[in-house]
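Letters A, B and C mark the chains as written, and numbering starts fresh at 1 in each.
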Amino acid sequence: MDQSDVTWNHLQILRDKAPLIHNITNYVVMNNTANALLALGASPVMAHAKEEVADMVSIASALVINIGTLSPGWVEAMETAMHAAGKKGIPVVLDPVGAGATPYRTETVKALMQKNPPDIIRGNASEIGALYSAENRTRGVDSTQDSQAALDPARFLAREYEAVVVVSGSTDYIVTDHNVSTVQNGSELMGKVTGMGCTATAVVAAFAAVIENQEKAALTAMSVMGIAGEIAALKSSGPGTLQLHFLDVLYNLDEKDLKQKLKSENNHA
Amino acid sequence: MDQSDVTWNHLQILRDKAPLIHNITNYVVMNNTANALLALGASPVMAHAKEEVADMVSIASALVINIGTLSPGWVEAMETAMHAAGKKGIPVVLDPVGAGATPYRTETVKALMQKNPPDIIRGNASEIGALYSAENRTRGVDSTQDSQAALDPARFLAREYEAVVVVSGSTDYIVTDHNVSTVQNGSELMGKVTGMGCTATAVVAAFAAVIENQEKAALTAMSVMGIAGEIAALKSSGPGTLQLHFLDVLYNLDEKDLKQKLKSENNHA
Amino acid sequence: MDQSDVTWNHLQILRDKAPLIHNITNYVVMNNTANALLALGASPVMAHAKEEVADMVSIASALVINIGTLSPGWVEAMETAMHAAGKKGIPVVLDPVGAGATPYRTETVKALMQKNPPDIIRGNASEIGALYSAENRTRGVDSTQDSQAALDPARFLAREYEAVVVVSGSTDYIVTDHNVSTVQNGSELMGKVTGMGCTATAVVAAFAAVIENQEKAALTAMSVMGIAGEIAALKSSGPGTLQLHFLDVLYNLDEKDLKQKLKSENNHA
């Protein structure tokens, strides 16, 4: 199978299995994330009480941890959930939103990773860079660095945590300790919609839930995100209409459109 | 008046009275819920601090309790608000989101109901079933059972709490201890938008605020939800566009469309 | 420069500087607020943990404090952030959502203002009135009074806190201790979308971040809000479509449309 067959095959598996994805994520994007997972064919659940996160993990197929609006009570629940997911053996996908913007974020996400190493980390170049070195303070959740520049930090994190690291940008990089794949799909307009990165993280988790090879799952996920965004942008007159077209496209994405648009490269292959 | 006259009459009363609906609901759907209430002609307010919920209840015409993203602090406020609403005599509508998915949810919602019995309970078949017996664990907020299968649990709850119980599904059932009404409106696409069930609960509360007969209020509410969703689905190419068309249709719903589409049956009548 | 040149010039400066706006706001509107700031050309960040708000303020150009879904933990963080913003000298814009609806809201917002006076206060007539006198209890977040009626309270607050006070309504008033400007733009349909007032507050903060004269910044902000809403309403069939057209229009707003639609009057000029 060539890459486009693999990607289409992955999407069919996801739609067929409809995995339950447990999200502990930020307030800003909960609604978008849930809708994107539904449109994709997965089943979202949001739960953050430390009283129930382990039980929720026990019925879920992947766990998303997103620190976009973190606070101590939530961090405690994240830790509990990550631990339970690790014991159960389901993939944990971490989104270090705004890492580097404040010491609290940077330190919290580092501590979470050290206690329970995630399977996949997805962030923009600033965030991935901040996890590598806390020296570079960023402007919050925006990416102010090129994603290329985050390749060294990504490789470091990939080795350190035995994780797949996804660096989002105009080119997306999927990085392991020995390989770098790229996705060239997407649209600049996606950066004008809040939470598109967080949605990408949830989409990565949905594929990771059903595709055993986490690197391939991440590559497919970023391709599907980018292609859906690209097609949606063509139909949109701004970031408002993009949001809804994105969900419609994700829901309707067919083999022809997906294969025609795909611009990913697996350097390993 | 036949059923379609009753339904249209109820909608006019609601638009005329514009009742204030106090929502203690989950993070995922707060925005949708508020927008749906506004589009319907009601006035939403969200407040969850135990310092103010009783005061907010004192100016509200109905209270929505939705446990979708519960945690102990919020549960405490829910209890306070439900108690205040009971004393004041305004309808309390409970949405047991995800009941059955974790013991914490199931136990919490049962405890809330036992302390302050709600006037109306709205959930999908899994959730209603879980309140009847904690044996059957569900896959989170999705309904994996047919709503018909929840009729026995619904009747039990209706008797136990002297409540009207609404079971949502492709057919909606409005259940009391002596009667079952049905609504056949709606669209499958509504299940691909997060929080449509939570919106239904808020719409039920809005009608319950202005129509004394809570069973009839629930029947009208589920009809209006279903009809709006049905018309909106015809204009939509997926779950993204459905969301906004749903709000537009709710806002513009007129006598002709409502009466033409109505497929409800009051078995009692 | 006439007023329309000033307004266009302000918008260009904002888009050029893309200021980082730190929002401690309510759950209902976080997503809308972030999207409106992005569409406008600013950069939003949401952070509420007391562990990080001062650090976030240190990299931000303005701070939004919105009490729409307040609770004690958040109020503590608001106070910390407002104090840090005051020390740093960046504008603080306060939105007293629902002030007057409950004693807790009214007292909390008064205490926040007294400890750290905001630079700009934006609310509807009910809310502004409630800050003046706690006698008049309101129906939650709706404005039930004409904005004209809030001019005396607004002048009082402007003097008391040396602040610019914006009273939103069919006419918007921008009030200082010696001046009243007005904006006649906007559409009634905007009142049927939740959080449009909260969005206005964030837009005010974005302009206040880049325009030194806070009164002029507020006047431009309310003009841009109103014009974008007005144009969007013409393209919309209800509150659902209005939301997305509003973001698209904000994103694409050009000199011709802005100047053609502008109906503001600076009585001071």
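Please note the rule applied: a contact is a pair of C-beta atoms (placed from the backbone, for glycine too) under 8 Å apart; a residue touches a chain by one contact, two chains touch by 3 or more.
Model, not experiment: these values are computed from the prediction.
*Asks:* I need the rotation angle between the copies chain A and chain C from a CA superposition, between 0 and 180°, in steps of 5.
*Replies:* Roughly 120 degrees of rotation.
*Asks:* Same or different: at the chain B/chain C interface, is the fraction of residue numbers used by both copies above or below half?
*Replies:* Under half shared, hence different.
*Asks:* Just give me the whole-number Å value for how far the CA centre of chain B lies from that of chain C.
*Replies:* One centre to the other, that is 33 Å.
*Asks:* Name the residues of chain B that each touch 2 or more other chains.
*Replies:* Residues 27, 31, 243-244 of chain B each touch two or more of the other chains.
*Asks:* In their complex, what parts of chain B are in touch with chain A?
*Replies:* Within the complex, chain B contacts chain A at residues 26-29, 31-32, 68-72, 98, 101-105, 137, 139-142, 191-195, 236-241, 243-244.
*Asks:* Where on chain B is chain C touching in the complex?
*Replies:* 20, 27, 30-31, 34-35, 38-39, 43-49, 51-52, 55-56, 59-60, 73, 243-252
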